[in-house]
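By letter and in written order, the chains are A, B and C; residue numbering begins at 1 in each of them.
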Amino acid sequence: MAEAQKYLPGLPDDEGDLEEVFIDPGLAEEAERIAEALVFASAQPISETYIASRIPRGVDVGRIMSRLKASYASRGVNLVQVADHWAFRTAADLSFVVQTDEQEVKKLSRAALEVLAIIAYHQPVTRAEIEDIRGVQTSKGTLDVLMEAGWVRFRGRRRTPGRPVTFGTTRDFLDHFGLEEIRDLPGIEELKGAGLLSGRVPSNLHIPVPVGEDELSDNEDPITQMDLEELGLLTPKAEEDD
Amino acid sequence: MAEAQKYLPGLPDDEGDLEEVFIDPGLAEEAERIAEALVFASAQPISETYIASRIPRGVDVGRIMSRLKASYASRGVNLVQVADHWAFRTAADLSFVVQTDEQEVKKLSRAALEVLAIIAYHQPVTRAEIEDIRGVQTSKGTLDVLMEAGWVRFRGRRRTPGRPVTFGTTRDFLDHFGLEEIRDLPGIEELKGAGLLSGRVPSNLHIPVPVGEDELSDNEDPITQMDLEELGLLTPKAEEDD
Amino acid sequence: MEPLWQEESADRGLHEEELVVDIGGFEGPLDLLLHLARSQRVDLSRISVLALAEQYIAFIERARSIRIELAADYLVMAAWLAYLKSRLLIPQQPKDEGPSGEEMASALAFRLKRLEAMRDAATRLVNRNRLGRDVFARGAPEHLVSERKSDYDASLYDLLTAYATLRQRQAITQVTIEKRHVWSLADARLILARMVGSLDDWTALDHFLIRYMTGPKERATAIASSFAASLELVREGRLEIRQDAAFAPIYLRRGPKPIDAATLAEMEAARG
């Protein structure tokens, strides 16, 4: 009963797929088997578009995939979504038994990991912005390593003067860290809420006003505006464009 | 009920595993999940002995495998036994989704990558100019490969003696490499910043800003039907020189 | 401020007793500031920027006092913090331009908080169930009927690497490297041998060299090579060497086994 109900006609979906009316349960099962075979056969995630092109016409690929996902949820192998792609992966709780001696997970330096996190949470982000966040120049080879690992890519260019190139993460990044989409990054909503993913100082950040105590020490001259210009010091980033 | 029945003690199996009496259904399920994950993740068919060593003690591996095999029997992927080893295989009736002949995606050769990159950055560019930049002759085969890949096209003809053909990139090129427009290719500063160009970049190194694909440059004529026919005659596959 | 110097830090930071300031362990001034801020053990939003600025400046001064060469970034930050300090302590004048001390302090606290947030995010990220470590893909993949438009594959990274390598290679082959005169060890040895032969009195090394110097560009190589050569000659007993204090002039004079004509000829030959 419940089984049949799933194939009763519903409202046309967003894409107005009018073909999807009265689906034959046999057709749905066939579609499920094909999708399963396709995704299972590949080590890489398979695009939903590709799956859709391979299953019988008129079958909603999204629905098929959710059904499959549910039926694998409690198994030793799970169906996971990576952006608009699908892949089978061993269940995370079984990591202790499944060990392949071949592949070693790439070990990233602290700096590379930090840059990766900044790119992931702030994308699209320019190199200057990464450096602003870290307060240090990105050493040569850091972005390089991340791109070579296939986790970071050039995304495009910012529509600001100079059109700086922006960086972002790849689908391999999502796949590697077990994320369905960027919005699943741990804590991203909280960080956004706290204003920590923007270039501006959030208005709710209050700094206690210090109680005046010491003056300049004997061997100190006050820094003048001139000095600052000479040193190439600019005011903090907050007023930068973004 | 039926579920519980499965775990009732049965006759000792061939290997006479006497330990298997009154198996906890939870334990059996755990064993099944582990076996499933192990077979899935293994590059080769995996031995029953190995699986037995990984599942909870006292669980009959033979029975677990038969149960798994049965549950996959009607699916898009089947669990198959090869001698005393186990593997997942695409269901025979779905073999059309997987390729039987191992026709792998071809990796572009280094030469082809170089030529493609030169065309991308320097377009519109003639073959002579490509050779000038690379400092070596470009075999016709290389350009053919790039055309075949669908990433390079004839753009027009240069208004210079001999009216050499100019090359440019295609829309598919942008799609494949995830670029919105050709001007999104990173420039010298970005290549340096990403660690792709080493710090000691000679001052005479110029990287052009690529010209958008649709605009013909001043000294370019569009390719006509005539030209195409002529070019088709000029690029017979047979004279490939590498 | 004192607890700062006793802060136990696993692999970086500073250790009072040995007077080691491991500036190399920090990734830039902001990292150092964040480290100092953490030692205040308060939420970053309630941090005392003033105290932090003082700690930082003290750290830098200490590093300089023991002759640690600091990257310009660190000094720039110190100067900025000194400025911030003055802005915080001196009441804002009505006609002051630019951000107020409080605004500058907020901006700094914001940057520290943001950096720390990214550090935490990085840790959380790296501890996720990772493909190839905790979860695994199909070990024996089968080939799918191609889903690509092209039979060929390459990534943008491949493309850019190929291009950058090519262009750099080409550019470099076109560069003519200016011939630079370098004193070889054999050169220096011969020069020293010739000069020291007759010297009974202590003479400064520089004194020997300056005559041979055609320009300031050669100075470094001349000093390095002749110093190395002089040590070798001392070992051979042909030379004596003396320096009274660190960075003081180096004096040379003839050793117990003077250099005779035969040795000199041998050296000439060695020099080719």
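One rule holds for everything that comes next: a contact is a pair of C-beta atoms (placed from the backbone, for glycine too) under 8 Å apart; a residue touches a chain by one contact, two chains touch by 3 or more.
Small disclaimer: the values here were computed from a predicted structure and weren't measured.
Taking the mean of each chain's C-alpha atoms, the chain closest to the overall C-alpha centroid is A. In this assembly, C is the chain whose CA centroid lies farthest from the centroid of chain A.
A separation of 35 Å divides the Cα centre of chain A from that of chain C. Between the Cα centres of chain B and chain C there is a gap of 42 Å. Centre-to-centre, using mean CA coordinates, chain A is 21 Å away from chain B. Residues of chain B found to touch two or more other chains are 37, 40-43, 88, 90, 97-98, 178-179, 186, 194, 196, 198. The multi-chain contact residues of chain C, meaning those touching 2 or more other chains, are 136-139, 142-144, 155-156, 160. Residues 37, 40-44, 87-90, 96-99, 102-108, 110, 113-114, 116-118, 120-121, 133-135, 145, 148-151, 172, 175-179, 185-186, 191, 194, 196-198, 201-202, 204-205, 207 of chain B touch chain C in their complex. For chain A in complex with chain B, the residues that touch the partner chain are 32-38, 40-41, 54, 74-77, 88, 90-91, 94, 97-98, 100, 102, 127, 138, 140-145, 147, 153-157, 163-165. Across the complex, chain B is touched by residues 136-140, 142-146, 148-156, 158-164, 166-168, 170-175 of chain C. For chain B in complex with chain A, the touching residues are 32-38, 40-43, 54, 75-77, 88, 90-91, 94, 97-98, 178-180, 183-184, 186-187, 190, 193-196, 198-199.
Listed in rising order, the residues of chain C touching chain A in the complex are 27-31, 33, 45-50, 73, 76-77, 79-80, 82-83, 86, 88-89, 98-99, 102-111, 113-115, 117-122, 124-126, 128-139, 141-144, 147, 155-157, 160.
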